[in-house]
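Paired with chain B in one complex and with chain C in the other, chain A is shared by the two complexes that follow.
Entry: the complex of A and B
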């Protein structure tokens, strides 16, 4: 049981009709911490925020904020700074008035004088590059500008008990998104209050979150540091969300042939698993034999290398497409019935239709085929990179 | 203008003021839109524009029992404006509108706010609210004539007379209360309409700004004045203006209930115009009255429109 003055959710559940939007959510955000909540659309991210803000009443579970249970408080009494995914700007108020509105609510801790308030709002608008739009109405703004106006309204509340940003930068152009991601993160970290940053983009979650909660189907599928989630995704679903492109997932069947364990992919190709991987697999799965174990193998696109076919003992595949991005190329290959995406520093000038070999150069994660939950991340053995390759045999 | 992202480019005008130029037609002839508008335009010309122009024409002539006499110049107008009955009628109408419409407006808005809460029985209540609006004004007049009939009317017998509210006679014969009885009937008939119109407007408001205001700590009264009222302004203005014009022209219920009496206590311009035409057969002056009322409304509506547009951001 976590014990701090930030946000603590215990067994939070919420149902809309037949739809279990939130199912036993346990989550905590320490003061000054930014927790990124990510997940596919419909996973319950926005519902989670609304339950914390008091706009939805959870069916069960408790919400603690600042060391106090707030489930019974009205939304206005919770001190929440909330950026709505839909912006929720006041349509008849200018950008400036929108941003200033939470500071002007009587009874709020607004010790700012008129000039101080104007200065505070002005700084925030300038930071978000919409200072020149202060006198515009929301109907006169583009989508990205509206989003920044709403963002300003949430961020000017320096004394908020919690800041929740529901997809704060999703409608901005890439350049601005990259800049603001860091600036907003710094601003949130400087506060002595917890912050929640919701995003459907797994990579954005990893980059902004001190910790990341992956929400799938109303449940926390994984809650941990970005590194934990990047290196050890808890399930196939989590793996599918993280990374651009996400982890390659191949279904395979383990075969134990006199102590040599192989993972058979479709089309008869198989990987020979190094002995230590086998040991780990056995230990993690709790079974004596790996015979006929159905698994899903996960390999990150950057952990696969394309090699020339002259090298012996490699998996062969056909190049389907090539997307050169400059610092790396994204190569899509067909492997049996599945497709594998490779993030290659050197695409060696391959062309669609060409047959190439491929070699795994980094950790491979094994998931149970049935439940999708992770068994073990293996393949990390002694030695340098050259030793870390599995040598799949044909 | 070098490194400003495209979306930050100063937006000249903004979407609300953007002029949509008609695209070159997709192979359709130039007269096609006019063809589509023609039925409405022809109908309006026959039933509205031509009679109106004819009334203007009449108002400049001496009329004797429906026959054209000499051209009278502004004679009819001079006669009208020096007629105390005309000014009385205008005064009655202004009083009627000034009391009835604000009350209908406020009662309607209050009722709409109550209706927009999840109160019990709302779905049953709403169809009932349509009843007064759906009734023909003449039927409403008859209904209240019976309800308020002197000595035997349901309301007269049970409420007004026991409490001694309107003296000995029928309320419609009371010089002090007849106009208020008419105002009451108008409120009875039109408040539900206002309520439903405002209710529909409230239902159409986006919910998220209200959520944002709730999170930011605004109380219900602040939310009403900060959000509901400004966001409803265009609708409030339009409905209010329509009701204003309509109330000024009320005829049926007055005709049935008081006939403009006692004396000229409840004689509004519409009733006066009727009497001038069909009782005094002074068609020239009646036409002048119609034209004057039209000019008053034309000026009033234009001023109202300009003010509402500038001050309230309506339209």
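Entry: the complex of A and C
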């Protein structure tokens, strides 16, 4: 069991009526660590935060914060700095008053004088580029400005026992989002308290989290470093959340023909699996034979290359659409009944309707078709190719 | 051929519209204007045929009204309305908030019970009130009437204000709780300021209900404590109906309602539409 003075959740569960919002959540956030919680909407991200904050009472499980079980503490006694997804700005108070509210609670240890308080809030508002809006009411702000006002209110609480930000930068324009992502992260890391950053955006989670928890259907689908989650998604669901565009997922059936294992795609095309991939697959699946094993094959859009059809023995597909982004192009191709998206550095000037070949150039992840859980991530060179490369960490 | 709307057309349209509005207002206001005339019309030409439009205004009706101590009844009505409404606000605001926010056993039943006292025809309630008040010596007392008014206004007030409370996002209070504010502080700092429009709008309606109330005032008061609506029928005397005096008292009775609506229009409209627009 994890042992530190940060946040530790054990077997946390919460049900609303028939809906199991949280199902046995184990999670820990060390002091000074930022854990990003990501997942599709309705996965229980906000409920998780509210259970930690004490706004919702978990049905079972325990919450430790600062080395102490806090289940019995009132929300106000937990020292939680919380940014609500809905902002929850007090409509009758100015931006300044809103941000000052947590520092003005009588009896709180933060013994800031009036001038110190004004200075602290002024700095935070300036950092979030809303210093000039201090005297405005929330109704006079745009969505992004409201979000930053709420963010200021959460971040001025330097002494918070934990900081939880529920979608802190989702309504900002791209430029500001990129800048603030780093600044907020640094501010949170400088504190001697754990922090949770909730975002539905998988890539944002990877970029801000020291570790990332992927929450799906009220369960932790995967909890690990951004690299682990990026390279070895634990399941098809996790793979679908991460990446822009996310991993390509193709159904396939494994066939063992006299020791040569192939993966048949749904339109009859097949990939020949190199022996080491087969060994790994066999070892990971715990079966003697791979015959008729239904799997889902995952390949990242950047790990597919478009090649000319002149090369023999390649998978052929038809270009459906082309989105040139400058440094790369996003090409959508039809492969049998499914679509494959390719992030191509060189789109070779393909046009919709054109037939091209595909080659997998990076790691391929195999998932169980039935449960969606990952079997193994291995290297796969496409049909006929013998070229081998280093296998990324398994 | 396509016709464009010229400035001339716009002007015509506006004029027509204004004329229509003035006509509608005149139709609605005619009885009020007629009443104002009656206030200062000498009794002997009150119903002259044809109507005498030109006359020397008289204050005789005003004199009679003061002789009959109508200013006392006016004061009674004002105090009764203000005090009962104030008490309703003090008791009803936390009650409405609690009904909106807190879960407790039998909450819905209790709420229905609160509403039922408003839904029953007043004449059904006034008899038990009479019997109870007679037993505990509250008949024809100011306290008795205040209590009676509070009961029927309280249910209305709680019912209306509860929906205002429900429209307040609970997360505002959650945010304040997390910051460390106590329940009472949150109620004062967050809830009350946001409910202000709702409280003003609802309490004005309560005051007007109390001001216009006749049945309870007539049955439970009547001698020592007489409100304006109860006093007006006393102008129907054995010597005939005193129309001029009735007009005077009627105008006075109408005044607070008009003033309240006029000054608080903004609050009432904003209050009654609050929650329709989020943000």
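For the reader, a short list of remarks on this structure follows.
Following the convention adopted for this analysis, the second predicted complex is superposed on the first by the 380 of 394 C-alpha atoms of A that agree within 3 Å, B and C clash if a C-alpha of one lies under 4 Å from a C-alpha of the other, contacts with A are read in each partner's own complex, and residues count from 1 in each chain.
By our rule, a residue touches a chain if its C-beta (ideal position, glycine included) is under 8 Å from a C-beta of that chain, and two chains touch if they have at least 3 such contacts.
Everything numeric in this text was worked out from a predicted model, so none of it was measured.
Steric overlap between chain B and chain C is present once the structures are superposed on chain A. When the two complexes are overlaid on their common chain A, residue A:101 makes contact with chain B and with chain C alike.
Using the contact criterion defined above for the overlaid structures, shared-chain residue A:176 touches chain B, although it does not reach chain C.
Contacts of A:53 after superposition: both chain B and chain C are touched.
When the two complexes are overlaid on their common chain A, residue A:18 makes contact with neither chain B nor chain C. Touch counts on chain A: comparing chain C and chain B, the chain ahead is B. When the shared chain is aligned, chain B and chain C each come close enough to touch A:86. Counting contacts as defined above, chain A residues 53-55, 74-78, 80, 82, 84, 86, 88, 90-92, 101-102, 105, 107-108, 139, 153 meet chain B in one complex and chain C in the other. The touching residues of chain A, when paired with chain C in their complex, are 53-55, 74-78, 80-82, 84, 86, 88, 90-92, 101-102, 105, 107-108, 139, 153, 157. Across the complex, chain A is touched by residues 169, 171-172, 174-182, 190, 193-194, 279 of chain C.
Taken together, the chain B residues at the contact with chain A in this complex read 5, 7-8, 10-11, 14-16, 206, 208-209, 211-219, 222, 226-227, 230-231, 233, 313. Residue ranges on chain A touching chain B, taken from their complex, read 53-55, 74-78, 80, 82, 84, 86-92, 101-102, 105-108, 129-130, 132-133, 136-137, 139-142, 144-145, 153, 173, 175-176.
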